[in-house]
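Structures follow.
Across the two complexes that follow, chain A remains constant while its partner is chain B and subsequently chain C.
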Partner chain A sequence: MPPSICAVCHANRAVILRPKNHAKLCKLCFIQTFEDEIHDTILSNKLFSHGERIAIGASGGKDSTVLASVLKTLNERHNYGAELLLLSIDEGIKGYRDDSLETVKRNAEQYDMPLTIVGYDELYGWTMDQVVEQVGKKGNCTYCGVFRRQALDRGAAMLGVKHVVTGHNADDVAETVLMNLLRGDLPRLSRATSIITSTPSASDSELTNIRRSKPLKYAYEKEIVLYAHHKKLDYFSTECIYSPEAFRGSARALIKNLERIRPSAILDIVRSGEDMAKLVPGATNDSCGGNCATGGALAVTGEEEGEGGCGSTGGRTAGGDMAQMESQLRNNEAAEAAGLEMEVPSRAPAAEGRNGSSENRKQLPFRREKNAPKQQTMGKCERCGYLSSQAICKACMLLEGLNKSRPRTSIVGVDAMR
Partner chain B sequence: MAEAEKSEAQDVITLKVEFTGGLEMLFSNIKEHKLSLPAKDEQDKATTVNYLVDYLCKKVMKDRRKELFVQDGTVRPGILVLINDADWELEGEGSYELQPEDNILFVSTLHGG
Partner chain C sequence: MTLLHVLDFQLQSQARRTGRTGFTLHVLHIELPHDGDRKMVVKLYEDIKARYPGHSYSSIRLFDDLNQPSNGTTTKMSNGPDIQEEATSNGGHKSYAKLLSSLPSVTSRTDVLHILRMRRTVDFACSNNCEGILWGDSTTRLAEKVLAETAKGRGFSLPWQIADGDSPFGVPFYYPMRDLLKKELVSYTSMITPPVDVLVALDSTTNVAAPVASKDGSIDFLMKQYFESVEEQYPSIVANVVRTTGKLEMKDFSSGRQCALCNMLLANNPTFVNGNSGHDSVTDGPTLELCYGCATAVPPESRHLIPPGLK
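Right, the complex of A and B next:
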């Protein structure tokens, strides 16, 4: 095969085949193009305002490392005037998070950004290692996801920062679109596709009104990895020890198989998700109650967005999700064949049943559409003050369960007590 | 390509094969492997990347979970292959004929942080 020539500079050897448009680019033109596109995303969605303090949710993984690197470059090149900080969450997983945090510490030096690490132990009194000891490896991702979402907001509040950016990429968003479509979860489909989400509420708690945005939303995971490779960025990659098979048999695998057949499929799914989200009744920004800073692609976000997510990118679904979905679909088909009404069974964690939402969850998808999806009315958790649509937020519900059983286990193992 | 004549003179070609992005886990946690492959396969054809992938599965990989590396006879979707830093799709993918001192990099995009 004769070497390909870069389609931009027409001089150097092309080394990258872009998934979105099949353009062949050399290393330097690719890096430039990748950065320009992120800049376009930031400008066209008015993600940043001048002088804003922005915390980058940093895990040490490829996405957040590339995000930090690109934002530093763009901030200097285009004079955003942003003050960039690194915010890391320590879930307390030995042999996994402690290693990746070392990478974040190096990144903080490399990019000259102050780093804050917030631990689950200081926030909740439990490390994930202790949670797993308590509840086992099955279902621990729910705890981790719920805790992480709040932890980022709490860390931001500690820093007095009103804006957190995360490294969610196009593959993450496409995966979430598929999962929410299959689940028939329209409100969440709308939230997941928004490039900016915020947590407005009637109360003026410092934990509210923290904006979340995803500057890499339209960036392919493939290009993020290639950017990191060609810029020789220092990132950490391993699978969480509590979900080592998380990337098997998941919606992720489906996305990657689609990409192999037709690479543009990923962005097509992202765009379709955005278009479908527009059709979700009540999902427009009038639900923001006037608290929204920007119009357009803004959505209200609930505490549960990060739920079930494992891996530092909250959108990643745990393994077996697809299998679960398939069995659900089979059940639905069986029900239909038997002439029964079709129902989307609730996949909610056990804790949900207790806070009285089980009734809504069991509604038929059709009926739900006619009446418009139930809007989340945001209030404050009675216990911790965090934004919650229920009297007690999900993290506090989970903690209650954990703390209740703690004395019992302490009889067996003193280690569980701290 | 221009070096094709060089490889004919030798019966083995040496390669640098790298695994990153978490893929090294499947290869005894060693990121960089120096390999010597026969220059011709059993059918007396030049060895290709496909040959290398097969060789890696049979001879190098000790992990039993082959399906995490190969699927349907080729490298699993989500794993990028770079031949001398270029996307293998630009080089003919699996049918690329290996040249002496080639650097073949396998990067997983599937692992989180």
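Right, the complex of A and C next:
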């Protein structure tokens, strides 16, 4: 059989079978096509404005490394006039993040971009290692996700940047769509599929007015890997040592199987997700076609997975959260049958969180009615000023829980954290 | 699926006790061009007829030029006079086979087959003046459908596909078994006296040692396997998928245009592919408007085979 010829340039030998559509391409054409598609995404969604300062959420993983590389290339090629910065979050996970941050530091030199690292440690007084020690391996991803989301915003605010781009790829988005269908979370489904999420400001503090976008939203994970490989990018490929949520693992395994059956399935799911987002009750049917996300419901509870990290752990299923949800659903059913009003058990507010510890605050009973309307009203967290639909934002809630139990389990840490 | 017969049989006898029936049933069986034992299927059909007399029965083939059938039983409610099966072999149905055989993948074929079966059912219901169509889908089946349709890019049509009530076809759809798990149905068929499990067409897919998601599988089949395993451990999650999807709103698209194949309402810019998809260009001629899902399933070179619409 004669060697196949690249379908684009018809000159070079094809060495790549595109995972997306099985087109046969040569190396150069693949790289070109990949970059062009990202460029299209950026243009058609009007992601950047000229002269904008943009922080790239960088984990050192393949997605964010490719994102940084592609954006640098495109910025120069198409004259976006964007000023690109790298912003990394140090969750404080030994044997994982410390190594990947080394990669980011090298990237910063390679791409000539200034790098800022924000640590959970300095922001919250807890590293993820300490959190895991405290809460165990189950459910720690919630902490990490909530903390990361805020940390990125806070880091961006420190830099005076209004726009953060993250390395979420098509697989991640598709996975989130399926995951949220499985766990019945429509608001989050609609948020995850929009390419730009911004926190519409009830207040216009620096923290709240930061846009997020995902330029790689339509890029296949496999192609990102191929791109990184052929461009010989320097990235860090170890996965987070703490196991992922079972829902995500389950959804991820499903997506891999779907992709095998029909390669376009990933984009088809993304498309379905976008379409369904328009049908979520309360979604505003605005002219920007669902891309502007939906009203006020988007920013707060967000524990969208950050780039790299939690998102990229292969289909291991811990089963924990699925089983937990199963039993919760059953309880709800039972309660419904008994005509009882349902309440989500709340973490009892007790000791003051670190951020608010100097002030003597009235304790608010934190209750969330299960049937509460989806549309949230946005205010500020009483403790840290972060945008929140509740009196106290989720990160402060979680911190409170952590801090409360800290003295009991560890005697040493108490003063250190003040 | 055949369990629906039992439920309706009970309703029927209740109604009879009061001396009159509130509705009449028309049971429709559609033979699919599957590989399967035709004789068995016909025997099942006859057995069911014998077991539940007093309803109208019809058995039609999805298309008339292929003879191997399989199961696909639906029950319909009608108030009108019971008309015996019309021997349909109008040209539209003939081209079904051509269309199917022109499709490139198992997923596309299964997908389009289901659409055609639905259209055929609707056709039948309309020509028999039925007031609604009852589908035998269980919660598990509906959950499968939700994820499978999502994976096929048909997410936009989900509200119409799983909700009770109006459908874009002009005949309301109902899913009376939407709250029952598949395993509950299976148990039920063997528990009632006399058991009716012998009347249930064996689900060929569940018994075969599951080929783990090979390239040749279909998305529908993959989802079926997936939810069978989820149902084992987490039945509430299965039900929750359906309930959640039920909360999606049916948006009334002002355009009023419908997809030429699946009949679902089209958004204003139906085939616009956001960003860059793996598909070939999905712009169609002005004559044929397809939704994203159908455009994905039917490659451009097969589109001229799509039979003319229902209306």
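Odds and ends about this structure:
We adopt the following convention: the second predicted complex is superposed on the first by the 314 of 418 C-alpha atoms of A that agree within 3 Å, B and C clash if a C-alpha of one lies under 4 Å from a C-alpha of the other, contacts with A are read in each partner's own complex, and residues count from 1 in each chain.
The rule is short, and it goes like this: a residue touches a chain if its C-beta (ideal position, glycine included) is under 8 Å from a C-beta of that chain, and two chains touch if they have at least 3 such contacts.
Since the structure is predicted, the reported quantities are computational estimates derived from the model, not experimental observations.
Superposition note: with chain A as the common reference, chain B and chain C can be accommodated side by side. By the touch criterion defined above, A:239 lies against chain B but remains apart from chain C after alignment on the C-alpha atoms of chain A. In the superposition on chain A, A:11 makes contact with neither chain B nor chain C. Within the superposed three-chain model, A:229 lies in touch with chain B and out of touch with chain C [touch as defined at top].
In the superposition on chain A, A:268 contacts chain C only, with no contact to chain B. By the touch criterion stated above, A:391 is placed in contact with neither chain B nor chain C. Using the contact criterion defined above for the overlaid structures, shared-chain residue A:218 touches chain C, although it does not reach chain B. Judged by the touch definition given at the top, the superposed model places A:63 against chain B, while chain C stays out of reach. Of the two partner chains, chain C is the only one that A:183 touches; chain B does not reach it. Contacts of A:257 after superposition on the shared chain: both chain B and chain C are touched. Per the superposed model, the minimal spacing between any CA atom of chain B and any CA atom of chain C is 6 Å. Residues 257, 260 of chain A lie at the contact with chain B in one complex and at the contact with chain C in the other. Residues 1, 4, 13-17, 24, 27, 59-65, 100, 103, 171, 221-222, 224-226, 229-230, 235-240, 246-248, 252-253, 256-257, 259-260, 310-313, 316 of chain A touch chain B in their complex. Residues 20-22, 25, 68, 76-78, 80, 82, 85-87, 89-92, 96, 105, 107-113 of chain B touch chain A in their complex. Of all residues in chain C, those touching chain A in their complex are 105-107, 146-147, 149-156, 158-159, 213-215, 217-219, 222, 226, 230, 233-237, 239-241, 243-245, 247-251, 267, 269, 273-279, 292-293, 296. Chain A contributes residues 18, 20-21, 37, 40-41, 44-45, 177-178, 181-186, 217-218, 250, 254, 257-258, 260-265, 267-276, 278-281, 285, 289, 322-323, 325-326, 329-330, 333 to its touches with chain C in the complex.
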